Structure formats: C-alpha cells, structure tokens
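Shared between the two complexes below is subunit A, which pairs with subunit B and subunit C, respectively.
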Partner chain A sequence: MPALETLHGLRVVASPAVLDTALWPDNATVLRLAPDDVFAIGATAEQAAHATAADPDAIIADESGFVGCWLDAGQLETVATHIEWHLPTQRPALAQGYVAGVPAKLWLDTDRALLLCASPYAADLIERLK
Partner chain B sequence: MSDTTGAASPGRIVVDGRPIPYQAGDSVAVAVMRCGEHPKHGGTICLGGDCPNCSAIVDGVPYVRTCQTAATPGLVVRRHPAAGNPSFPAVAQPDITRSPVADHVDVRRETADIVVIGAGPSGAAAADAARAEGHEVMVLDARDSNEVVAIYGGPTVIVRRPNGMLHVHAHQVVVATGAAEIHPVCPGNNLRGIITARAAEQLHDAGVDLGNAVAIGTPPQGVPCTAVAGRIVRFEGTDTISAVVTMGDDGLEVTTPCITVIVGLGFAPRDMLSRMSGGLPVSVVGQAAEKFPLPPCPTAGTVCPCSRVEVEDLEGVWARGFHELELVKRASLCGTGTCQGGVCGPHLRSFVADRSGEVPEMFTARPASRQITLAEASADTYTDVFRRSPLHDEHLALGGQLDRFGGWWRPWNYGDHIAEYWAVREAVSLGDVSTLGKLVVSGPDAVELLERLYPTTVADIRPGRSRYVLLLNERGHLIDDGMICRETETRFVLTFTSGGAANAEMWVRDWAETWGLRVHVLDRTMSLAAINVTGPLASQLLQRVGLVDPPKFLQHRHDIVAGVPCHVMRLSFTGEASFELHHAVDRSVELWRALMEAGQDLGIKPHGLQALFGLRLEKGHVIVGMDSELDSTPRRLDMDWAVKMDKPDFLGKSALVRTAELPDHRRLFGFTMQGNAPTEGSPIWSDGNVVGHVASSFSSPLLGHAVMLGWLKHTPVPEQVQIDGRTASVAHPPFYDPEGRRARA
Partner chain C sequence: MLWLTCPNCGSRPVEEFGFGGELPTVPDRITDPHQRDVDYVWMFDNLEGLSTERWFHQAGCRRWHTVQRNTIDDTVAT
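Presenting the complex of A and B:
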C-alpha cells in the first residue's frame, strides 16, 4: 500500500443548489462529501469563492485534515477485500464507508482511485491494510 | 478396537502426550479409535460431526470435533477432562493502553447465485438443477473442508476452512446437509464402545477392528457383527461396555456380552442451518427436509452429553412448570451445548411430546452451528477505532501513558501527574486538546440558531469575544458544554467536549434543518488540532513565540504563533491563564515543539488528563458525563448562573420552567476531606444511610486535602457526611481561587 500523505485542499460548505452548479478548474479533484459540503483538491480559495459566489454565506476553509493515497486497479482490488459494502460501478464516483473498520472515502476515477480518511484514523487504516 | 490394515503409518499425532500412528485418510477420531482409545472419555461415537463425543483440544483449540479433523503429522491433541470443561488458553493483555491483538484469521469473500450446502445426493441434484437453469452454483461440503457454520442476512454464508474463513454472499441458499443419527439415551450411555451404524461402516472401511460387536436396530452394511433384537434397556460395564441389555416384545431382558454396540436407531434432519435462517431465501432438500419419527421418550440416562443433562433433570424442570420446548431447554441447558441440540434435540422433543401430547417443533438455531474460535468468529471484523491526535507520537516520545477517552487516545500522564500539576499552577504547561469538538456555524440565521440552541444569550457576544455555554436537550438535561466564539456578525466557532462532539454536531445540524434556518455548518473537529497553553507564565511563553499581545480573558482572535496560523482563545479550565491555540493538524507537531523549546527555562511540562482532572476539580468545573448524570438539569448541577430564563425561548426552557417549582432532592455538591482522595464512585453516607456518591475526587497538592464533587440525593442536605470511613464537609466550589483572579491574570 502506498503511504498516506496529507491532502491539502479546501473545504467548501454552501447551499446544495450552489454546489450543484459550481464550476471548478479542470485540474481540481472535487469530492462532494455531502450535499452542502465539498473537499476540493487543486482549487484556490479564489476559485472556490467564484464557484460559490451565489452563496454569500458559504464557508471556505483550508483543509489539511485528510490523508490519502492514489491506488491503481490492483491496489484498489486489495483494498476492496477490506470493504463489506458494494463499490459503485459508475465512474467517477465518491464512495464513503468503513474500510477495514475505519471511516474512509474512495474517489473512484476511471483508471485509479483516491483512498482517504481523516488524519486521526490514518495510523489504524495503514495498520489494517498492511 | 484395533488396527487391521497392517499398513505403514504416514505419520503420528500426539494424544495426551503420547505419539500414536494414523493411516492415510484418518480423521483424528478414527486414528485414536484405531489405537483402542476413545477420543473423549465415553459416549456414543457418530463420526458425523453431529455430537460432542469426540471433541478435544487440538493444537490448543478446545471443542474441536476430531471426527472432522484430518490427522496430520505432529498434531497435538489433548482430550477434554473427564469431568468439567476444558480450560481455554490464557490471553495475555499486559498493556491495556494498546489495542488487543488476536490470532489472525484470513477471510475471503466470494459471491454466488446459489450456494448448495452439502455435496451428497440431494445436494448434487440441487446443484445440477440450478446449473441447468443457468445459475452460478457454489457447493460447500464439510468433507471438502468447507464447513458452513452460519447463515446470516443477505444471505451470507459463513464457511470455516483450514486456511481461514470464507464469506459467501449468495442470492439463494439450498441446505442439503442430510440427517444425523439418533444416539441412544439409557443408563450407561456414557460408556466407551457405543458407535452408530454409520460410524461402524467408516471404522470398518478404515480397517479398524470393532471386536465382539453387536448391532441393535438397523445394522451397518458390511460390518461383521451380531444383530440383537429388541430395544436397549441399558449398557453395562465400568468405563467400557461389557454387555448390552435389551428387551423384546415379550418384556424380558436379555443381556448380551460385547465390547462394541452398534446402534441404528433412526435419523433426525440435520437442519440447524435452515433453522437459523428464517425469512431468508433458504430452502431445504433431501433428508434435511424430512420428517423422521421421534425416538421413544427417554426414561433414564444422559440426554445432553454436552451439558451432561440427565432425564431426571428434565423431569425436575418439567415438575417446576416449564412445559414448552424452549423453556425446558433454557431451564435445563439441554440443547445449549456445543452440538446445539444435534444429539439431544430429538429426545427433548420426544420428552415434551410425551408429557404435553403435542410434538413441538425444534427450537430456533443461532449462529454458529459449530464451536468456532473467537478469532474465527471475529475474522474480518475490527475493534472500534480510537482516533489519534497529530501529537500522538510526541506524547509517546515524552513518556506519555496513553489511554482511551471519548473516542481518542489521550495522554493520561507523562509519568508524574503531580509534577505536571505544579507546572500548571506555578509555571507553564501544554495540554493536547485537539480532541475538542469544533464547529463553524455561518449564515444570516446563525444568531437565531444559537439563541434557540443555548440557554445563554448569544446576540450580545461581540465579535472577538466568547462565552461558556451549556447545551441542554428538550427536557432541560445537560448534554454537553463548551464555548461560543463569535467571529463576525454571522459567523461563530463552537466548541464541545471531546466525547460529545459527534452528537453535538448532529444536534446542531438537526435543529438547524428542523427550524429551516439559513446557516451552514462545518465540522472542524478532525481538521484542526488544539494546544492549551496554561499557567501563570503562559502569556510570557506566547510572547516569546510571537504572540506579542495575547488576548484577554474570554477574548479570541486569529494570529500567528511560532509561525503557525492559530485561532487563539483565552479561557480557563485549569484555573490558570489559558490559551487554546487551534491550528491546522499538519502544523501541530511544529507548534508543539516550538512551544516546548521556548518554554524550557520557564519550567514547561506537558500535562495529561490525570493532572487536568485534578486542576479543574479544584476549580469545581464539571465534566459532562463524569460529574453530570443523564437527567442533570443546570439546577441540579448548581449551574443556574449559565441559564438565562428571561430569554424568549431556548431548547429545554419549557421543561426548566415546568420543573423549577418542584422539589428536587438531587444536587451536585463539593466536598472536602482530610487525607487522600477516596475512589471515585465511593458511596456517601449520612446517619448510616447511603445518600449519594462521589463523582470526582482529587488529592489537592496545593490545598493539602481531598476535594470532591459528588451527588447528594436526599434532603435535608447535611453539613457533614462520611466517605471512605472518614468525615467530609459539604462545601461549595471553587476550592481554589474563588474570585478567578488567576484565570484572568
């Protein structure tokens, strides 16, 4: 398993309708954690503010509380043996649930996947996926 | 019994410390019987995996059915004790601050359209039929080392294999597990030398000489033996059978000398797996679905060899009024042992049918159908995760003794909690409070939301100021506490206790949604770390690392500390000047080390929870869940000062109004006592009666006596009580710096 590294990004909380139509840079990885909550990797605060301009009360905050690693197909298969729920078949997709008993998320892209969890869980996730 | 093959042995197993040879294909039970021994100490042997009479300790694992265990070179077998239960391996867990480590058992997951359990004729037919319909079929049979031990919802079929567990997710399950043979129940049925007809066939085929054998009932095929008519009355012998006594239709007893009795007494469906899968798409075929006649009602002898339940035990239970199968089972424990009714079930049903006049259905089965190890049962499951703060390794490096609190690993102390205490009271100390709940609430209705949520006034908190708050539920009971920090007119940062953070977040979100208020909520609990810099020299330390003008008491602001952007909150839980530095988790180690380095000549030390609990107790600060109870109102906690009843409304207000005039005999009080602090939880006595208990206690180094918070649940409240055999005085906290000068300094 690759090492889990801190994922630097932005947490953006805004109204679901605004996030539904928000435009993000092509190079950004945008994870919709909840209808009103986004974790955007690779976007600047200015871009986030622009994306959520229709919601003046949006919260935009630096986020370094997640750690993660990119997985190839074989590594994802290994991780999947530690998951009791069905992975979505659609791509891209964000899946959230327990991985090896640890609350985690999987951003499933076409040819790779980002495994991430909140940093307080990192040590256990690494240990359990060994 | 003895070996007749004369073949060279491929190896030896070790039984009770004695190496014994086995033949190719032998199970452990067959190998043991080949040597003339009984795999346990007596009782009918079926070799079908249906009874406990061959179970032994195999390679350290008790309750292994040796008829289902292949003999392999060097396998260590210890027979269970003749009386009592086998001892389980000692589990060493010397360090409770570490996660428990269990034997690792691999788990493989597979899927199948249809799982067929049992590869006998009916199972094979079911599998063929399913395949013909185009289904993907998986056949599992214990004889192929795929022993199904449970069926759960899904359905999910749990399989034990030599190299681990297999969890099969299926759309449909077919149980084709055949039938088990009926064991005899009569006096002497615990002797050695009784085998079922199928077992006799197996042993004969394996080249085991059964000696002078007689057969009663349906005889085995191809096994030399003498058939004896009639029903069994009793077996005779001391440890081993010497004769069997039967009775024919003429009513006369006939004694037949022998060393082996082969019994063919009929069958019972081996349907335990189907009985544990009610409501699931599970069907039963073949003998497992058949209705076999019950054996005669037992009149004497052991009914349940697992729990050694005798017929007279059942009669005693019946006489006491337990007249249903489930009740007889539970009252007698017949059917609750390792075979889960495999042996006793038919006899138990017959017993109840004889007395009640109705044949009861077999009782419900529950996983697992076989004795499995805890490691097998828990395979692929995980213990709860306890979160680690970003300073986890720093604590360990400083000698921190970590333990689990509120879902986190937290330092209890660093080896000397008294030294940590003095660092806070006289110098400066760091505490890791990263675990505190942290919520950002923003939006035009943020004030409205918080005014409704909290019993204190929120609108008058100016930006840059903060306030201590209680969080009450609709009944006015305390569910959490923390701080409100106002950042702007429409944005607030809320803090909560470490253990209550998750519930508090849901509480805030639920009510915001319920009330339809325009707010956004962002949980920062695991995104932000926090270090509490506390002590009379805290300001001095912070000035050294760049915070030139630290905020005043109950002020907060964003600033740079030791090069790290921080949200600095001035408050106090320890009773000394305290500054919480909330910052990004990935900068936490850097900030911690900078503070520790800068404070060396100031006597800086980290403090753990043990010191913190004492420090706050001297101030009389309540810890929610430790000092409070589930129905603690502010009045009971003597915290009415934190409730503004003149507010238009807040959650819990109507309950507080309603109960304000009612008498209340339960109150949290402070206590002082000479000597060491009593154990938390100690009863509080008055006039020979228990009137309450100690919630928190601490031997105060500064005050030189014990201080406590505790509940008194009777009125009138005495001035003095007895705790731990000593006299304690009821007092009103804070015990230390009651004017709060040091916190504000």
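Presenting the complex of A and C:
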C-alpha cells in the first residue's frame, strides 16, 4: 500500500445548484463530498471563485486536512476486500464510507483510484490495510 | 444488520451513522410557543411501529438525513 500523503486543495461550500453547474479545470480532481460541499484538489482559489461566481455566499478555503494515495487496479481490489458496501460501477465516481472500519473516501477513476481519509485517521487506515 | 440508504452515498451499514433521535412533532393543541419548544425538545413518542428519525452519516458525507424506520422489525421505509 502506498504511503498516504497530505492532499492540498480547496474546500468549497456553495449552493448545490451552483456546484451542479460549476466548471472546473481539467487538471483538478473535484470530489463532491456532499451536495453543498466540494474538495477540489489542484484547483486555484481564482478558479474556484470563478466556478462558484453565481453564489455570493460561497465559502472557499484552503484544505489540507486529508491524506491520500493513488491506487492501481490491483491495489484497489485489495482495498475493496475491506469494504462492506458495494463500490459504484460507473466511473468516475466518489464513494464514501467505512474502509476497514475507518471513515474514508475513494475517488474511482477509469484506470486508478484515489484513497483518502481525514489525516487523524491515516495511521489507523494504513495499519488496518496491511 | 440494519442498512440505511444515504441519499448522497447510497446503501451503508448502520455503523456508519449516528442516531439523532426521533423527529418530533408537536401536537397542534399546544399553542404556547414556550410549551411548544419544551414539547419539541423533551417529549418523545417512542413509537412502536413507523418512526421518523434523524440519522447522521458520520463516516460518509457528514450530512443529516430523515429516515422512516419500523421499530418493530427494524425495516427502513425511506
């Protein structure tokens, strides 16, 4: 299992309607954590402000509270054995829930996946996935 | 095992959720605003049957959801 490293991005809270239609740069990994909550990895504050310009009450803040690592298909298969619920079949997709009993998220891309969790859980997650 | 369907994340085991208690309804016969507040906060129906409850998906999207659960057989209606 690769080491979990701090993920630097932006936390964007805005109205769901605005986030539904927000346009993000191609190089950003945008995780829709909740209808009104996005974690945008690789996006700049200007890009986030532009994406949420329609919501004057949008909140954009630096987020470095998550750690994560990219997994290949084989590693994802190993991680999946620690998950009770069904992984989504469509790609890309965000899946959230317990992974080995630890609150975690999986960003499932076509050929790889990003496993992430809140940084206080990192040691627990790594230990349980060994 | 009880499974709840989170509208954001999908079907998940109940261990991922925190129980927020019944969603109280205050009887119309209570008209005094303060008494309505007291009833809302402190008086519970503890229903045997279909109960409307609040659950928090703490391991997923971290949002509150309203669930209708049958307290007799632990089946979830919505």
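Miscellaneous remarks
The rule is short, and it goes like this: the second predicted complex is superposed on the first by the 130 of 130 C-alpha atoms of A that agree within 3 Å, B and C clash if a C-alpha of one lies under 4 Å from a C-alpha of the other, contacts with A are read in each partner's own complex, and residues count from 1 in each chain.
Just so we're on the same page, contacts are C-beta pairs under 8 Å (C-beta built on N, C-alpha and C of every residue); 3 or more make two chains touch, one makes a residue touch a chain.
Only a predicted model underlies this, so the values are computations on that prediction, with no experimental measurement involved.
In the superposition on chain A, contact of A:Ala100 is made with subunit B only, not with subunit C. In the superposed pair of complexes, A:Ala14 makes contact with subunit B only, with no contact to subunit C. Of the two partner chains, subunit B is the only one touched by A:Ser64; subunit C is not.
In the superposed pair of complexes, A:Pro35 makes contact with subunit C only, with no contact to subunit B.
Considering which of subunit B and subunit C touches more of subunit A, the answer is B. Contacts of A:Trp85 after superposition: subunit C is touched, whereas subunit B is not reached. Once the two complexes are laid over each other on the shared chain, residue contacts for A:Tyr121 go to subunit B alone; subunit C is not touched. Common to the subunit B and subunit C interfaces on subunit A are residues 37, 103. Considering their complex, residues 8-13, 15-16, 58-63 of subunit C touch subunit A. Contact residues of subunit A toward subunit B in the complex are 6, 8, 11, 13-15, 36-37, 57-59, 61-65, 81, 100-103, 118-124, 128.
Residue ranges of subunit B in contact with subunit A, taken from their complex: 108-109, 381-390, 392, 408, 440, 442-444, 490-491, 518-522, 524, 526-528, 584-587.
Within the complex formed with subunit C, the subunit A residues making contact are 33-35, 37, 84-86, 88, 95-98, 103.
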